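Across the two complexes that follow, chain A remains constant while its partner is chain B and subsequently chain C.
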Partner chain A sequence: MRQCYDWQSNVLKFTDVNGNKYNLKFRGNKTIVHGDSATGKSLLCTMLKSYINDNNNASFKPYNADNIFIVSKDNKDKLSLQKGKLIIIDRAELILDDQMVEIINADRGDNRYLIFLRKPMGIELSPNYFGTLCKKDGELQLEYECYVRGWA
Partner chain B sequence: MVRLYTSGKYFKDNEIIIDNDSFFNNNVSAKSLSENSIKVMEEVDHAKLLDQNIGKIETPYGITGIQDLSTGCKTILNCIFLQENPEVYPTVRAINATECGKNALEQLFCYIDKTNMDIGIVLEHEDEIYECGNREYLINDSEKITDLLFMV
Partner chain C sequence: MLYIITEDSNSSRDFWQCVAQTFRPVDSFLLVPFPSGSDGQNASGNTTLKAQVLSIFPKLQEGDKVFVAVDCVANNTQGFSAHDFVKWGTRLCMKKEVDFVATSYWCFEDLYLSYDEVLAMYLKNPMAENVVIGALQYVHDNLQNGTDYFDTSQEIQNFIDLHNSAGKNREHFANELLMEVTRALKGNGHFAITKSAGAFHKSAECWLRDCSDIKEKMAPQQVINICDKKCKYCCKDKGTVDKLIDLDTRSICKDSDYQLQQI
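So, the complex of A and B:
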């Protein structure tokens, strides 16, 4: 079974039940995605959640999403327990609190983060790691806004 | 005129809708969607209503239900719902649009402007909002501007 997220190459790649292709290549350990409404941010989470929830369903296992943790209001207390995961936080404006921001800022590589966020919440990240989702070559891809050498 | 607030602190808890996704899922049914709402769904999410009885829609990402509309789109639909059903939540005076991208914000502002709706919009990000059209904005009940480039 294929992994949705490959830690080695730092790529999130899968095709959902409707045939939408996702191919997000990350630059570093933390990425903040913002941009227009309806670009597929929540959809990506919904699809991944279905793979995580379907993991116990032997009849339908298109992908393995074991190394992905999707944070919600209900499981956010488990954030500090994660290791070796791609942690995805959708609608982070509503979910993140000071303690979670502290955990994310202190994480030096145990986990990686994909955060959908528009409001500044105190996450320490250079502009090189801010991007938007866009459809390119039939795939939903991550487009970083800039790359400036010298910014970590 | 569109009344914008840079923080939710201007409103009491029962005066503001913060979680637009939950509000929509709990209050707005497909049957209650008006012509205005259907138009907004098309303009923001490019979603076409296929069946108003069960809320089936067709989006660029596939066929799904209205619960899978973007949060930006749901925010505008909540506004329309509040205006069309003022008796349901009479204490609500504001809506938090921080989860809206600039495309949804522009539609939201257009709707408020067009209908002279009396509602405050809380916006805690400045994510490319300068691309929204020029119109009369009142910021935090004190400063009038026409271009969001000058929102501070």
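So, the complex of A and C:
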């Protein structure tokens, strides 16, 4: 079974049940995605959740998402227990609290983060790691907005 | 005209003022004053950066440059997002065909942590600690290579084990490390960099100020004991221009889009 997220190449790549293709190539350990509604942020999370939760239909699962942890209000207390995961936080402005922000800021690479966020919440991240989702070549891709060498 | 904007009156403001004074004609730059707060006192901090840009906007003319020295380009607090600010400033200044430039380092400390001479001087220090040497070498090399250093490596972890608060985030780490390293160089002259206002006129003045000016304030015996006998700085007995050019060519400045001399 293929992994949705490949840790080594730092790429999240899969096709959902409706044929939508996702191909997100990350630049570093943490990425903040912002931007307009209806760009596919929540859909991406919903599809990944189905691969994580659908244990009963394991034989039909096209992908393995074991190395992904999607944070919700119900499991946010488990954030500090994660290791070796791509941690995805959708609508982070509704979920993040000070303690979670501290955990994320202090994480030096045990996990990686994809954070969908509309307003600044204290995550320490340079503009190099801010991006938007966009449709390109029939895939939903991640587009970073700028790159300055010293901001890496 | 170059307009220099800083977050507050700390050492970074002194530094950039000195750079402009050194490399530009005296009437070709302005250190933008802080706006007045509700109590009539000068307000500072990253939440005043927009106000500072707006205060000079009516005066801006094509070809001018707005230079913003942010303390940390990764600050995204509830009242301020460096990312949004840089985007906003760039768009605003574009309307008048004015360049909007932000400092090209993660935080001010990176400038000196990447400086070959800081590493060289610390290595020559008989009191140098192995944990600090390891962390400094690792940070220096990563900065020079344009890569992030705040990672899970043993060098970083060892330093955090000694300085708990350094593990909070990269900016804290950089600050703790630079203070530790430059404090250890104290016996060789005034090299201790701190965040406090005026540091480059006091505890860290040897990095920037003309050696002859510094010596004038010192007792003759101190000059012999410290400057002549103990100072290991490669720019010993030199002036501000030489010191800044050395920093410019032997730190992350050399790979940035603009160098100190191009300010």
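Just so we're on the same page, the second predicted complex is superposed on the first by the 149 of 152 C-alpha atoms of A that agree within 3 Å, B and C clash if a C-alpha of one lies under 4 Å from a C-alpha of the other, contacts with A are read in each partner's own complex, and residues count from 1 in each chain.
The working rule: contacts are C-beta pairs under 8 Å (C-beta built on N, C-alpha and C of every residue); 3 or more make two chains touch, one makes a residue touch a chain.
This structure is a prediction, so every number in the text was calculated from the model and none was measured.
Q: Kindly classify A:Thr46 by the partners it touches after superposition: chain B alone (first), chain C alone (second), both, or neither?
A: A:Thr46 sits against chain B, while chain C stays out of touch.
Q: After lining up the shared chain so the two structures overlap, which partner does A:Leu12 touch, if you call chain B first and chain C second: first, second, both or neither?
A: Touch status of A:Leu12: no partner.
Q: Given the touch rule stated above, what does A:Trp151 touch, chain B (first), chain C (second), both, or neither?
A: second
Q: Once chain A of both complexes is superposed, is A:Pro120 in touch with chain B (first), chain C (second), both, or neither?
A: Once the two structures are laid over each other on A, A:Pro120 reaches both partners.
Q: Now for A:Gly35: first (chain B), second (chain C), both, or neither, which partner does it touch?
A: First partner only.
Q: Which partner does A:Glu93 reach: the first (chain B), the second (chain C), both, or neither?
A: First partner only.
Q: Touching A:Ala65, do we find chain B (first), chain C (second), both, or neither?
A: In the superposition, A:Ala65 contacts neither chain B nor chain C.
Q: Can you list the residues of chain A that meet both chain B and chain C?
A: 119-120
Q: Which of the residues in chain A come into contact with chain C in the complex?
A: Those in contact with chain C are residues 28-29, 32, 102, 105-106, 108-110, 119-127, 130, 145-146, 148-152.
Q: What residues on chain A touch chain B, complex-wise?
A: 16-20, 34-40, 42-43, 46, 91, 93-94, 118-120
Q: Please output the residues of chain B touching chain A within their complex, sorted ascending.
A: Chain B reaches chain A through residues 18-19, 21, 44-46, 59, 61-63, 68-73, 98-104, 124-125, 127.
Q: Which of the residues in chain C end up touching chain A in this complex?
A: 72-84, 86-87, 103-106, 110, 143, 146-148, 150-152, 156, 167-171, 252, 255-257
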